[in-house]
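Chains: A, B, C and D, in written order; residue numbering restarts at 1 for each.
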C-alpha cells in the first residue's frame, strides 16, 4: 500500500527534474503501476475482510503514524487511479509541446495524486492535515498554471478557500490533541464520547466546517465554479472528479469514526445544505453561459447528494449510496470535462449557445457527454442511477420522504442542464462554423470514462461488497 | 451458461452489437451499415422464432445478474413478453428497410441507425424484463435512445418536439421510479409473477398500494399516451416517418401499454387489483382517452397529427382490455397490442410515402393521391379500414373481443365507448379515403420528389414495407382462428394467466 | 491560568482575528498576512494546550514545525500568485467573479 | 453590515473557544514518556528531531513534498516576462555580503549537525543558506533566477529524492521509514544533509524566481 504513495511522489519529482513539458511517459507508467497496486490492494482488502494496517517507522500509534486501508479507502484509491490514468493519457495529447499551461502539469498532477493516495490511507489526523495541504496546493497550482488573469484570480480564490478550510481543520486537530493527547483515529474513536468536553465539540465542528469548505458544500461553494470552470480541461476533470471527494471522504471518516457520538444532533445540517446545493447548483448550471461553468455548477449540485446521506448514517444503504455517488460522479464528471475540452478545442468557442452542430462534427464526444449526463441525471443503468436508488431506499427505510423528493427533483434539474447542452449540440451548425480536427485519443478518453460510469452500474454489487470489507 | 440463459441475452445483443458498431462507422460506409442492420434484424427474427417454439412447448428462458445486493437485472422470455418481442422484431425489420429507403442521402445516418438499434434493444429489454427494476432500466433507455431520433432533423421545430417529449417521459420516469423503489422497499423485490406479488402485503397496506399503483400507471401512462399524459405524442410527429413508426407502433407507446399489462397482471395480479378497486378507474381513464383521442383526431388537418391522435385513442384499447376483468377482455387487449402496431405502422409508412414522394403533409392536400400512388393508397385504405374495425381486418378481431370482454365483465358502458370510438374513427378516416380515391386532382403536387413511372409510384424500399404490413392486417383478420395468429397466442397467454389465478399457487419471491 | 492556557487563549484570539481578516480583507497582501495570523493562532493552541507543566512535549512541537513549513509554502505560493495577478491586471484585489 | 456580522461572529467564536479552553480537560495520552523511552532507538538525541525525522518522519517527508510543490507551482504560474535589471551596486553592501556568506554557510552546517542533539536541523540550516543567497541577490551579486536549469532542478529535488529513497529502502526493514536503531543516526544525517542543500535552494528559489522588476509597462 505504501507504493501508492511513494510511486507518484517519485515520478512527480523526477518529472520536475526532467524539465518543463516532460515526464508524460513516466507519469503514465507510474499510474499504470499504481492502478495495478490499487486493484491488488482492493483484492486483498476484499478477500481478507479486514482493514490492512501499516505502522510507518514501525512505531505504531500513538507515537508513530499508522496507514490503514479498509474497504472505503480501497474504493477511493481505485477511484483515483481509475480516473487519473485515463486523464493522464488525455493530458498527454491535450497539452502541446511548449504549452505554458502544461509545462509543469506532470509534477503537479503527480503530487496531487500522491497527496490523494496518502490521504485515503492515513489514519492520523495531523498527517491528514499535511496530505490535505499537499492536495490543496497542488490543485491550486494546476488551476493557476500558465494562465491569464482569469485563471490566476480563480486560483487565488481557490487558494484562500482551501487555506481557510485546512486552517479550520488544523485548529480542530490542535484542540483534539489538547484534549486527548493523540491524533490517531483508531485510538481516538473509543475515547470520544457524547459527554466529551465542550472543546471537543468545538473541535469536531471546526474540522467538519473546514472540510465542508474544501468540499465546496453550499454555501461554501463560491470558489468552485471559477476554479473548475477556468482551469484547462484535464485539470478541471481531476479537480471535480477527485479533489473535492478527498475532503468529503475525510468528513465521512470522522463522522463514522471518532466524531460519531457527537454528530447525531447535527446530522440534518449537512443534508439541508446538500439539498440547497442540489437546487442552487442545478439552477446556476441551467443559467450558466459558458459550458465549463455549467459543468462546474453541476459539480456543486452533485456534491450535494453526497451530503444527503448523513441523517441516514449509520443505516443500510446510506454509506453505499454516498460512495456510489462519489464514484459515479467522479467518472462522469471527468468524462464531461474532457468532452467539454474537446468541444472547446475543436470549435474555439466556450459558450453553450455556440455548440450548434457539435453533434455532427464530434459525435463520439457528444455521445460521451450524453453518457456522462445519464450518470448525472441518475438514469439507468448508470452507476449514478444505483446511487439514486440506494439513496431513495435508505431514505424510505427511515421514512424521510423529503430526501426522496430532493433526490428526484435533482435528477430532473440535472436533465434540464444536460439536455440544454445536448439539444444545442443537435441543432444544425451555422454556416460559418469552423471546426478544427482534434486528436481522436482525446475523444476516446472521454468516451471510455463516460462508458465506465455507465457500465459500473451493472457491477455495483462488487463495489458494495468491497466497501463492506473491513468496515 | 445454458442455452436457456443466453438466448434472451442473444436477443438483446442482436440489435445492441450492430448498433454500437454502426455508431463508429464512417458516414460513407453504406453497404456495411445496411448489411449490419439487416443481419441484426434477421438474426433477431431467427432467435425470436426459436424462443416462440420453445415457449409454446413450455420451456422457460431466463437469466439474472446481480447489480446490487438484493437487486437483480433479470430477464425472462415468457408468452406475454414474446407477444411484444415478436411484434417489435418483425416490425423492426420492415422499419429498417423503410428507413434505409427513406433516409437515402440524408446526413448523420450512422448516428440515426445507431440509436435506432439501441431503441429496439431497449424495447426487447422491456419485453423480457423479469422484474420492475429491469423494466425501468430499459424503459429509461428507450427514452434516451429515442430522443436523438426525434430531434434527428436538427431544426428548431424538431427540437421543440424533442424537448416536450423529454419533459413528459422524464417526469413519467421519475414517477415510475418512485413507485418501483417504494414497492421494492415494501416487498423486498419486484419480480413479475403470474398471480402478482402485491397481494403478499395484505389489506392494511391498501392505501400505499393504491398510491404506488397511481405512480406506476402515471409512469407508464406517459409513454402509453393516456389522457392527460398524451401531450407529447402529437408534438413528436415532427420526427422522420420511420421514427414515427417506431414511436407509434414498434417501441414507445407499446412499451407503455405493455407496462400497464405487466403491472396489472404480474405485479398486482388481476384479482387483487380488482379487490383494491383499481381496475374500474383504469378502465374509465382508458375510455376517456379512447374517446378524447378520436375526437381530437377529427380536427387535425396535418396527416401525421391526425394519425398521432388516432394512436392516443387506439393504444388505450389495450389498457381498456387489461382493465376488463376476465379472460376475454384480456385477449382483446393483448391481441390489439399486435394489431394496432401492424395497422398504425402501415399508416405511418404511407404518410411518409406521400410526404417523400409528393410533398403531401396535410389531409387537405391529398385529393386524387390514390390515382398517382395506387399501391400506397391501397395499403393506407386497408389499414384505415382496420382502424375503424371493418370486418375481415385485424381491427375487427380486436374490437369484437374487447366488446365481448366488456360485456362479460359486466361493463356495458365500455361497449358503448368502443362503438363511439369506431364511429369517430370512421369520421376521421373515411373523408381521407374519399379524398384520395374520389376527388380529382386540381393543383400540382406540393413538392414532387419522385417522378411517376408505371409501376413505380415511389422507391421500392418505401413501398414494400407498407404493402407487407397491410397484408398482415388483412391476414390477421381473415385467419384469426389459425394457430399461428396473434389471437391464438393471446389466448395462450390469457389461459396461462387465468389458470395460474385459479390454482392459487403463491408466487415465490426470487431471493430465497 | 497556566502559561500554556495563556498561550492557547491568545492563540484562540489570533485565530479568530485572522479568520475574520481572511474573510473581510480585500487587499491580497493583507489577506495573506491575516492567513498567517490565523495559522499562528492554531500553532499557539497546539503547543499551548500540550504544555501543562514545564517539560515540553516534543510531539506537538514537531507538528508545529511541520505546520510552519507548510504555511511558509502556502504563503510563498499566495504571494507568487498575487504578484502574478498584479503583473497581469495591475490590481492587488480579486476581480469580481463572472455571474 | 458584512463586516459587523463577520466581526461579531469571530468575537463570539473566540469567546466560546476560550471558555472551552478554560474548562478542565480529562488527562490525555502523554507521549513524553513514549518519546523518552524510544530516544535511544531513534538515532538522534534531541526529542523534537527524533519526532520530526523518526517517529513522525512521514509527516516531514510529505512536508518537503509540499515545499517542493510550492516552487513548482510558482514556476508553473509563469514568471514575469520583464527583464531582470541589475540593481544599483553598492560596493559597501557588496563587500559586507561577500564577507557574511562564508560564516553563514558555516552556521548552516553547524545547525545541521546540532539538530541531532539540540534545536536546529535541516530546515533551519537550509533557511540560513537561503538567506545567504537572498543577501547576495539583494546586493546585486546574484542575479534572479530566470528559469531553473537542470542542475538547479536536481539540486532542489535531490534532498527529497534521497529522503524518498531512504524511506523506500527501509521498507526492507518491514515498514516505511523503519530505521534500524544502529544505522538510524547515520541515515538521518544523510537525509538531513540532502535536505539542507535542497531546502536552501528551494527557499532561495521562492525568493529569486519572483524577484524581478516587472519592467516599465505599469
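Here is the rule we use: contacts are C-beta pairs under 8 Å (C-beta built on N, C-alpha and C of every residue); 3 or more make two chains touch, one makes a residue touch a chain.
What you see is a predicted model; the values in this text were computed from it and never measured.
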item	value
Most central chain, judged by mean C-alpha position against the global CA mean	A
Chain centre separation in whole Å, for subunit D relative to subunit C (CA means)	17
Computed distance of Cα centres, subunit B from subunit A, in Å	42
Subunit A-subunit C separation of Cα centroids, rounded to whole Å	27
Distance between chain centroids, defined by C-alpha means - subunit B, subunit C (Å)	67
Shared-contact residues (touching 2 or more other chains) in subunit A	63, 126, 130, 133, 137, 140-141, 144, 152, 155, 177-179, 181
Residue numbers of subunit D (touch at least two other chains)	17, 21, 30-31, 35, 55-56, 59, 63, 66, 69-70, 73, 77-78
Junction residues of subunit C - those touching two or more other chains	8, 15, 19, 23, 45, 49, 59, 63, 66, 70, 73-74, 77, 81, 84
Chain contact topology (line, ring, star, complete or other)	other
Subunit C contact footprint on subunit D (complex, rising order)	2-3, 6-7, 9-11, 13-14, 17-18, 21-22, 30-32, 35, 47-48, 50-52, 55-56, 59-60, 63, 66-67, 69-70, 73-74, 77-78, 80, 82, 123, 203, 206, 209-210, 214, 218
Touching residues on subunit A, where the partner in the complex is subunit B	320, 359-360, 363-364, 367, 370, 374, 377, 379-381, 385-386, 388-390, 392-393, 396-397, 404, 408, 411-412, 415, 419, 422-423, 426-428, 457-461, 464-465
Complex contacts: residues of subunit B adjacent to subunit A	23-24, 65-69, 71, 73, 107-108, 110-111, 136-137, 140-141, 143-144, 147-148, 151, 154-156, 159, 162-163, 166, 170-171, 173-174, 177-178, 181-182, 184-185
Subunit D-touching residues of subunit C, taken from the complex the two chains share	1, 5, 8-9, 12-13, 15-17, 19-20, 23-24, 45, 49, 55, 57-59, 61-63, 65-66, 69-70, 72-74, 76-77, 79-81, 83-84, 86-87, 90
Footprint of subunit A on subunit C - complex, ascending	8, 15, 18-19, 22-23, 28, 31, 35, 38-39, 41-43, 45-46, 48-50, 59-60, 63, 66-67, 70, 73-74, 77-78, 81-82, 84-85, 88-89, 94-95, 97-99
